[in-house]
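Think of it as A, B, C and D in the order they're written, each chain with its own count starting at 1.
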Amino acid sequence: MKKIINDPNQVVQDMVDGLVAAFPKTMKKVEGTLVIARSDAPVSNKVGLVSGGGSGHEPAHAGYVGKGMLDAAVCGEVFTSPTPDQVFEAIKAVDGGAGVFLVIKNYTGDVLNFEMAAELAEAEGIQVEKVVVNDDVAVEDSSFTTGRRGIAGTVFVHKIAGAKAESGASLEEVKAVAEKVVGNVRSMGMALTPCIVPAAGEPSFKLDNDEMEIGIGIHGEPGINRTQIDSADAIATALTEKVLEDHDFSGEVAVMINGLGATPEMELFIVNKKVQEILADKGISVYKTFVGEYMTSLEMAGCSVSLLKLDDELKELLDAESGAPAFRM
Amino acid sequence: MKKIINDPNQVVQDMVDGLVAAFPKTMKKVEGTLVIARSDAPVSNKVGLVSGGGSGHEPAHAGYVGKGMLDAAVCGEVFTSPTPDQVFEAIKAVDGGAGVFLVIKNYTGDVLNFEMAAELAEAEGIQVEKVVVNDDVAVEDSSFTTGRRGIAGTVFVHKIAGAKAESGASLEEVKAVAEKVVGNVRSMGMALTPCIVPAAGEPSFKLDNDEMEIGIGIHGEPGINRTQIDSADAIATALTEKVLEDHDFSGEVAVMINGLGATPEMELFIVNKKVQEILADKGISVYKTFVGEYMTSLEMAGCSVSLLKLDDELKELLDAESGAPAFRM
Amino acid sequence: MIEWFNKANEKIQENKAYLTSLDQPIGDGDHGINMARGFQEVAGKLSENDYTDISAILKEVAMTLLAKVGGASGPLYGTVFLKMSMTLKGRDVVDGTAFTKGLEDALAGVKQRGKAETGEKTLVDVWQAVVEYFQAGNITADGLVEVAARAKERTKDMVATKGRAAYFKEKSKGHIDPGSASSYLVFEALADVMKEKH
Amino acid sequence: MIEWFNKANEKIQENKAYLTSLDQPIGDGDHGINMARGFQEVAGKLSENDYTDISAILKEVAMTLLAKVGGASGPLYGTVFLKMSMTLKGRDVVDGTAFTKGLEDALAGVKQRGKAETGEKTLVDVWQAVVEYFQAGNITADGLVEVAARAKERTKDMVATKGRAAYFKEKSKGHIDPGSASSYLVFEALADVMKEKH
């Protein structure tokens, strides 16, 4: 395991301290927790936006804390959902009287822990609403199972619900727009290499030298198939077609080509080239493109493609100012 | 070699196309070249800022093209300086009548090719000035040798000279502020793993499973020493102390913790924690911190630390608006 | 009560690597780490503090697991003992009927929390079997262990439809569910305590 | 002239891997790739077009190398042939004196461009030796090859102070300079052509 760390069991604490030290004007740590909040939280009469989850997906989620985006991010242990008490601390830290909105990625652990925190908060009279993001089309959508995972598309929810909250919208309005984003965003990822959770010290799965996995989850959960490495064009096509099949994207979209951690940005742009060609071929017009690392899996090599169908409201909110270090507009 | 590419010999072309497709409102390709220019280039009566070099350092340099930063970036083959004709095309594309300023990283190839391009441009009556960035303190500073390499500190030159040019400054003024940045920026890097040039297909050097190299260059050039992997704190200390030894940083600084490609952002923040502690200990106050991938080496794992000593002029220019996708302010 | 959790902690620590190994093929390989972290803390808390009644102990256990385990199992085990604590509130002595009611409410709580039914290859399968055993009366330590062990083993042939293992679909077959294995240990600990009491 | 560059191209292509292997221990392992790309293009250009004089050929070679080689060697080889082209401008026949003057100017140009002197373990070492050989007169094909080969070999014991190899400092000793090796091939090609002409 080659990592620039101190103690494998202290990586999240060290990271949180290093993050707050980097952006002291934008964010602060809620003392005694692993919660990062906007430096001016709570903002009175603004809906507070809270997200989070296991760490190891940086810049998600703490990099999205800032004016116009998240009010707080809860940093769990690496790839492990944060506990309800931590989420509850975040809720209390950002409650400005207009209620708190939770953006949860659809993993059993995250859903359970955030829900319990919501109950604790409601018991204290804080109004809480939530949305569960499930953009990963690699997983079959069935109401009998755990359902689809939340991956890079979550960042669009942060951005757009964050802009809505910043505009002074009510909790109901924030929830409505967040649900609109969730309803219109789809993603799929792939990996060339696994990643290593520091406390584990070893990769949780293996890929041969010539293998890749299409549809993989951001914690290395199984994908759709494992095949020989193919060209960037073939990979871009596989991901984009599956995303397009799943939803009607006619009209205008935002595109996100997301790196999983170890993939050179050069390769993300090569993927983007093909994605844009495919969209142009289908007559789908691209309003805005994001290329970079938005939702990573430690040092996994690979990428994901997300599409978000836009309307006028979503476009305006996507374009709104953001002070979050990892998503400046 | 595990890469998301099509043809190893076409990676730069594909990347340039994918980049322009991602940010069509910000940048354009100069037809028939691998030059990326601001979409509104040439801007009349503004000094044109041109940088570039071998590819593989993304987002450097093309990600820094945009209002308030570079007017054009010239993309060479991977780790190979672009040729004078390409640089000349860039100069012509951004010449708005106020002259063109070149930001060159100190590598023989870059210096020679940019200088020849400058001569071609001057022969056509375009006024050209330049600065050579040499921030890498891992290399001894001696006037008898090639001299120090230009690494991540170059991005500060792009930002600050870009803001100066945007403000309507003359070629001489842009040159003066660029030289001020070069005089006050120092960096040093380290790597845990090598990287693979696509056309070569194999790493250019090897590091054992428990080895790291301190002082390595962004193309894998030799560093100061090769040792057992140490803690993040020890690494941060080694880099920061060497940088601090080389220049008087008393007062206020900007900090850049730069990832070389495969290093999880989590680790960069862990490094940042220690760097900030060291600076605080020495009474150096930090005006602004940048953590992320600014000057990479393909999929190399590792990081660099850069410090820039600031005065009022540099602070104002560092804070100025930037429309470059990889450096939004 | 305190003995139950001390015993459970011992068993969880002993089986930390085993639980994690069960979570590797069909999960993310942290179940042993999560449970060990949580029960270690539970044992510590229980040894440090005094409790006025059984309900208070159960609440402490619940809140500690909630705050320390994380992942999916944290809120599930937290819910289990929180529900039990609520049911047994105000009681100084807990008889068989009251304990059975506590288990029933715990099961109902965890099913609701996890939106899971039996047969979905989760710890619900073990809790359901144990609840039914208690409901039937005639409870012995050995009987309890046997019922819990059988329920745990039965998860091996199930296809997971809840939790992380569900992403493995058909491939989840052939592996014991890690949460069922940790729940088995909890009931094995209970049986040990029952034996010692007699 | 055209034969010179065709021959040089042949030799560079044959030695592409060799040149690259020289650039691996003390550089970035691309010298063969760079030179082969450039000379391939030179040969192509020269076969497609007609040229009015020798100076025009040299200018085409220079501009092609400039635009195709990249790295450090591109502008250096470009400068060499551009300077030669300028010196020989307007001449229909190139005698020994004129060619020597061309080589002298080429050497001066490349030294100025690379800010390099002899002894710095660069292609300047080979060009300097060849220029001195031409200046001394009494020029034979075999003599030229011998002088160039000796100069190339001498770079082996030098410590690089210019170019990428300089970062290797003392460790650059013991390896032939890649640029000197490619320059040697260029002069070997010239010697071959001289032989054929006689």
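Simple rule for what comes next: a residue touches a chain if its C-beta (ideal position, glycine included) is under 8 Å from a C-beta of that chain, and two chains touch if they have at least 3 such contacts.
Only a predicted model underlies this, so the values are computations on that prediction, with no experimental measurement involved.
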item: Reference chain B; chain at largest CA-centroid distance; value: C
item: Centre distance in Å when chain B and chain D are each reduced to the mean of their C-alpha atoms; value: 32
item: Chain centre separation (chain B, chain C; CA means) in Å; value: 55
item: Centroid spacing, where centroids are CA-atom means, of chain A and chain B in whole angstrom; value: 29
item: Chains grouped in pairs wherever the two touch, ordered by label; value: A-B, A-C, B-D
item: In the complex, chain A residues that touch chain C; value: 76-77, 79-86, 107-109, 112-113, 115-116, 139, 144-146, 149, 197, 199-200, 204, 217, 219-222
item: Touching residues (chain side chain A, partner chain B) in the complex; value: 2-6, 11, 14-19, 21-23, 55-56, 58-59, 63, 192-193, 209, 212, 229, 231-233, 235, 255, 257, 261-274, 276, 289-293, 296, 298-299, 301-303, 325-326, 328-329
item: Of chain C, residues touching chain A in the complex; value: 24, 28-30, 33-34, 63, 66-76, 78-79, 113-114, 161-164, 166-168, 171
